[in-house]
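Both of the next two complexes hold chain A, though its partner changes from chain B to chain C.
== the complex of A and B ==
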C-alpha cells in the first residue's frame, strides 16, 4: 500500500480536476438565477425572469423545437439503420465485415467541420442539379444528424449483442423458430438495454451537435446550439445561462437514465 | 432457409442452393449505403473540388491543379493558423494527460467503490452538455466581469487577469472538453494492470514515483497513447472554443474551413484546408504512434 500522503495527494488532485470539469456547469446554472441586469459577480439577488425571457425569445423557442424534432428523427434513423447493421456485424461472417464496421464508425472519426462542409457542398450541388432546396431544410439536417448518431448506435448495440448468449438463439432455431421470431422474441429482449442506451445517446449527440449543423441550418430553421452560438457572438447575459440550464437538466436526465442501461463510461 | 442462416456463422457450402441475398447483406447495406452517400461521397467530391480553381466573381472553375495547396504553403497567414492549431492542440493534450492521469489512477486504485460510478458520471456529464453551452459557461467565468475576475478582486491579492480572447483561455476551454476522454481512456487501461505488480515493486523498496515510472507507465503506454491521440485529434478539429473564447483575432484551422466554405464560398481553398487539416493530423498521430510503439517494444524487452 502507498504511504498515506500519496493517497491523499491523489484524492486532492482528483477533486481539483473534477472541480475544474464541473466549474463551467455549476457556474452557468448559478448565473441563470442572477437578478443583475448586466451579467457580473457577485449576484445582487435572485430571479427566474431570465427563464421567462428566454422562452419568450423566438430564436431560442424555435431552436429548441427544431432541435427536439431533429434529434428525435435522427434517433429513429440511427436505430433503423444501426440495429440491423449491428446484427449483421455480430451475427454473421462475411467478406468486408471489418471494412463495413470501420465505415459505420467513420462518421465519429471524420472531423465534424469537415464532414459538415462536405455535406454542405454536396447538398448545394444536388440543389443545382435537381432545382430543389436541401441545405437549410429539415431533410438536410436529418441526413447530417442521422450520420452523427449512427456510429454511437452501432457501437452500443454491437457491444450489447456481443454480450448476449448465442446458445438461446440457437436453441430457439433448433425448435423451429423463424429468424424473425428469434429476433423479436429472443434477441431483442436481451439487447433492449443496449438499444435504449443507443436511443438516448443518439438523441443527446444529435441535440448538442454544433459543427455539422452550422453548415446546414437555414433562415427560420435553426437548431438550439446554433441559436446559442449566434446569440453569444454579440451578447453574454443570463438569458443564455437560462437556456443552457434547461439544456443541462434535459441532457443530464437522459444520460442518467441511459446510465442505468449501459454504463456511461463504457460508451466512449 | 433464413432460420438456419441466422444461427450459422459459416453457412456450409452444402446448403448453398443458389441463395438469393445473404441476410447479412440485407441487414448491413442500408446503413453502409447511407454512410457512403452522406459521408464518403461528399468527401470525395470535396477532395475533387480542392483541385479546382477559384476565380473571384466566377465562383469555381473546373481544373486539375494543386494551386490551392501551394497557396496554403506559400501564405504566411495560413502557416500561422496551422502553427497555432498545432501548438494549442499539443499543449492542451499535454495538460490533459498530466491532469487526467491522477484522476484515472485514483478512480481505479483508490476511490471507494460507491464513488467510482458517481465520479464517472460527474466527469462525463459536463462532456455532453454541448460545446455551445460549455463555451458560454467559460465566457461567463473568464470574461472581464466574470467569476474569475470577481473572485480575484475579492481576495484583493491579484490584479484581475485578462484571459478572455487569449490563447490561454482557449487552452483552458479545450482541456475541459478533452479531459473526460483522457480520463475514460486511461481508466480503461489502468484497470487492466495487475495491482500485485505495483505492490511487489513497492515491497521491494521502490518509491511511488519509481513504481509509476518503471511499472505503471510502460504497462499503461498503449492507453496513454490512445488517450493522447484522441485528445490531440479533438483539439485539432475544435470549432466552438477557438471561435467564441479565442475571439476574432485568434485563428485555428477548423473555423477557417468554415469561413472559406460557408462564408467566403471559396470551395476549392476551403476544401484544400480541410484535407490539409486531416492529413497533418493523420501524419502526426501515425508518426507519434510508430515512434512510441518502437520505444515501447525496446522497453518491454
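== the complex of A and C ==
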C-alpha cells in the first residue's frame, strides 16, 4: 500500500519534470505555425509562411551556415585537444595534473559573458603585442568556441577512460600490439560512446553559444544565435519560432542518431 | 618454449618493497604455482615476468635471453588475466586472431591456427560470438586459446580460476593441466588457493611479504612445511608453540612433553609443532596411554559433511582440532561437546617448524 503510494508520487514528479522541460519546446514549435502577424495568443490560424520567410532571410541563412561551420571546427578542436588530454590525465601521474584538469574544466564553470569579455580583452592585448588582428577574426571565434567545447570532451572522455578495463590493453600488448595499435584497436573502440557524446556536446555547445560570439564575431559575420537576438530587437513574430524549431529538429536528430550509433547512456 | 630465470628481482614502490630479491629458476615445461596471501608479491612477480611492471633491480631471463627491459609486446609470452580481458568488441575468432594479426601471419594461416586453437579448447562452435555472450568458463577458454595461439615461450596465468564457481574450477584445473602438459609449455600461475596450487602445479613457490618462503614439489610443501607461515597456509590448524627437549622430544608451552620425529629440522629458538587435524585420533574411552596421547574434553563438534571437526581442550588448557571422517563415510561414531576423550597421534604425524 505504502510502496504503491510512493510509486505514484514518483511517477507524478517525473511527469511534472518531463513536462517542465518539454513544454517550452512544444510551445515554440506550436507558435511557429501561428498565422498571427504579431506574436500573440490565441492562434488565428495556421501557416508555414514563417519557415518560408525565415529561409528567405539572408541573416538567418548566413548565420546558420556560420554557426554550423564554427560548431564543426569547435568540435574538431575540442576532440583534437580533449582526447589526448584525457588520456594523459587518466593514464599518467605528473606534477600539476590536478591543476591542468581543473583548468581544462574551467570554461564550463565561468559564466559565458565573463569568459567572452575576458577573451575579448585578452585578444586585444595580444593584438597590441603582436600587431596582428585576432578579435573579430574567424580564428578568434574558433578559439573561443573550441574553448567552451573542450571541457565537455575532457569530462566525457576521462569518464569513459576511467571506466575501461586496463587489462584489455595489457592483453593486447602481450599479444604483440604497439602502443598506437593498442589505442586504435582496443582503447578507441571502448571509449567510442564517450567520444561520440563529446563530439555531439561540443557541437551543440558551440552551436547554441551566444555570449562569447557576441564579443568575438567580426564585422559582417553573425552566428545564428546573434541573428536571432538582432531580429528580436526589432520584430516580434513567429519567424524566430520557426528558426528555433529548425534548431530543435536538428539537435534532436543528432542526439537520436548518435544514440543509435553509440549508446550515449554509457558515456555518463 | 623456454626456461625462466629470475635473478634476485626487486620491485620497490616509493616506500614499500613489493618484491624483495626473489630468485627462481624454472625449467622448461614446468608448471609452477606462485602461492600466497594477497599482498605477498606473487602478482607483482608475475607482472614483472610479463613486462607490465618495471623491475627495480635484478634480471628476468627467458631461454637465456635477458628480457628485463623489453616491453610486453616483445617478450612473446602468453598472459591470462584474472578477468580474462577479452576484447569486448571483437568476436571470439577475432580475439584469438589478434596476436597472429600483430605477427603479420597470412589470412589463410591465421584462419587455420585460430580454428585449431578453438578446437583445442572445444569452442569452435562459438567462434562468431561476442565475449559477453559467453559464460565465465567459456571466456576463460577463449583467453587461453588467445594466449596460446601465438605459440608463446612462456604462459603466465594470474588467478586463472578465481572467477569460476566451484564445479567449473575443478574442470578448468584439469583442463589447464592437460593443455599445459600436451603443449609442454613453461607455465607460471599465481593463486592464493593452496588446494589449487597443490593439485595443478609441478612445483609450488610459497611467497610471503615479497620473499619466497618455501619452494618445492606439492607434497614437499604440504607434508614438510618449513615455517610456521607455510604450515598455517597449508591448512595445519594445530601449531603448538614450545621448545625442543633433547633429540626426540618437544615441550609444549602448556607443559606437555611430546615425542617428535628425530630428524625434525632446526633446534634453536622458538619452534612450533605443526600437526594436521586429520592425523589426530579421537577415542572415547580413556584407554592405556601410548606415545603422544592426551586426556581432553570435546569443546565443540562441527559437522562438515564428509568430516567432523572436534575442538578439544586438555586440562592444562591446550586446544587442538581433530578432524575425523564422518560416520556415514566409515568414520567413528560422532561425539558431542562435553565428552571426555583421549586424543593421540603417531610420533611422525607432524613436523617442527621455526616460529
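Everything that follows uses one rule, which is that the second predicted complex is superposed on the first by the 230 of 268 C-alpha atoms of A that agree within 3 Å, B and C clash if a C-alpha of one lies under 4 Å from a C-alpha of the other, contacts with A are read in each partner's own complex, and residues count from 1 in each chain.
The working rule: contacts are C-beta pairs under 8 Å (C-beta built on N, C-alpha and C of every residue); 3 or more make two chains touch, one makes a residue touch a chain.
All figures in this text were calculated on a predicted structure; none of them were measured in a lab.
After superposition onto chain A, the partners chain B and chain C occupy separate space and fit alongside each other.
Taking the Cα centre of chain A as vertex, the centres of chain B and chain C in the superposed model span 90°, given to the nearest 10.
Once the two complexes are overlaid on the shared chain, A:28 sits against chain B while remaining clear of chain C. In the superposed pair of complexes, A:186 makes contact with chain C only, with no contact to chain B.
In the superposition on chain A, A:170 makes contact with both chain B and chain C. Once the two complexes are overlaid on the shared chain, A:197 sits clear of chain B and of chain C alike.
Once the two complexes are overlaid on the shared chain, A:74 sits clear of chain B and of chain C alike. Touching more residues of chain A than its counterpart among chain B and chain C is B. Figure legend note: chain B and chain C, brought together by superposition on chain A, show a least Cα distance of 5 Å. In the superposition on chain A, the residues of chain A contacting both chain B and chain C are 170, 173, 176-178. By the touch criterion stated above, chain B contacts chain A in their complex at residues 2-7, 9-10, 22-28, 30-32, 34-36, 38-43, 45-46, 49, 99-100, 102-103, 105-107, 109-111, 117, 119-126, 128-141, 143, 145-147, 149-151, 154, 176, 179-181, 183-185, 187, 199, 202, 208, 233, 236-237, 239-240, 243-244, 254-255, 257-258, 261-262, 267, 270-271, 274, 277-278.
Within the complex formed with chain C, the chain A residues making contact are 165, 167-168, 170-178, 181, 185-186, 189-190. Against chain B, the residues of chain A that register as touching in their complex are 1-3, 6-7, 9-11, 13-14, 17-18, 20-25, 27-28, 31, 38-42, 80-82, 84-85, 87-89, 91-94, 97, 100, 103-104, 106-107, 110-122, 125, 143-144, 146-147, 150, 154, 166, 169-170, 173, 176-180, 182-183, 204-205, 207-208, 210-211, 214-215, 224-226, 228-229, 232-233, 236, 240-241, 244, 247-248, 251-252, 255-256, 259, 263-265, 268. Those residues of chain C that touch chain A in the shared complex are 50-52, 71-79, 81-83, 85-89, 98-99, 102-103, 146-147, 150.
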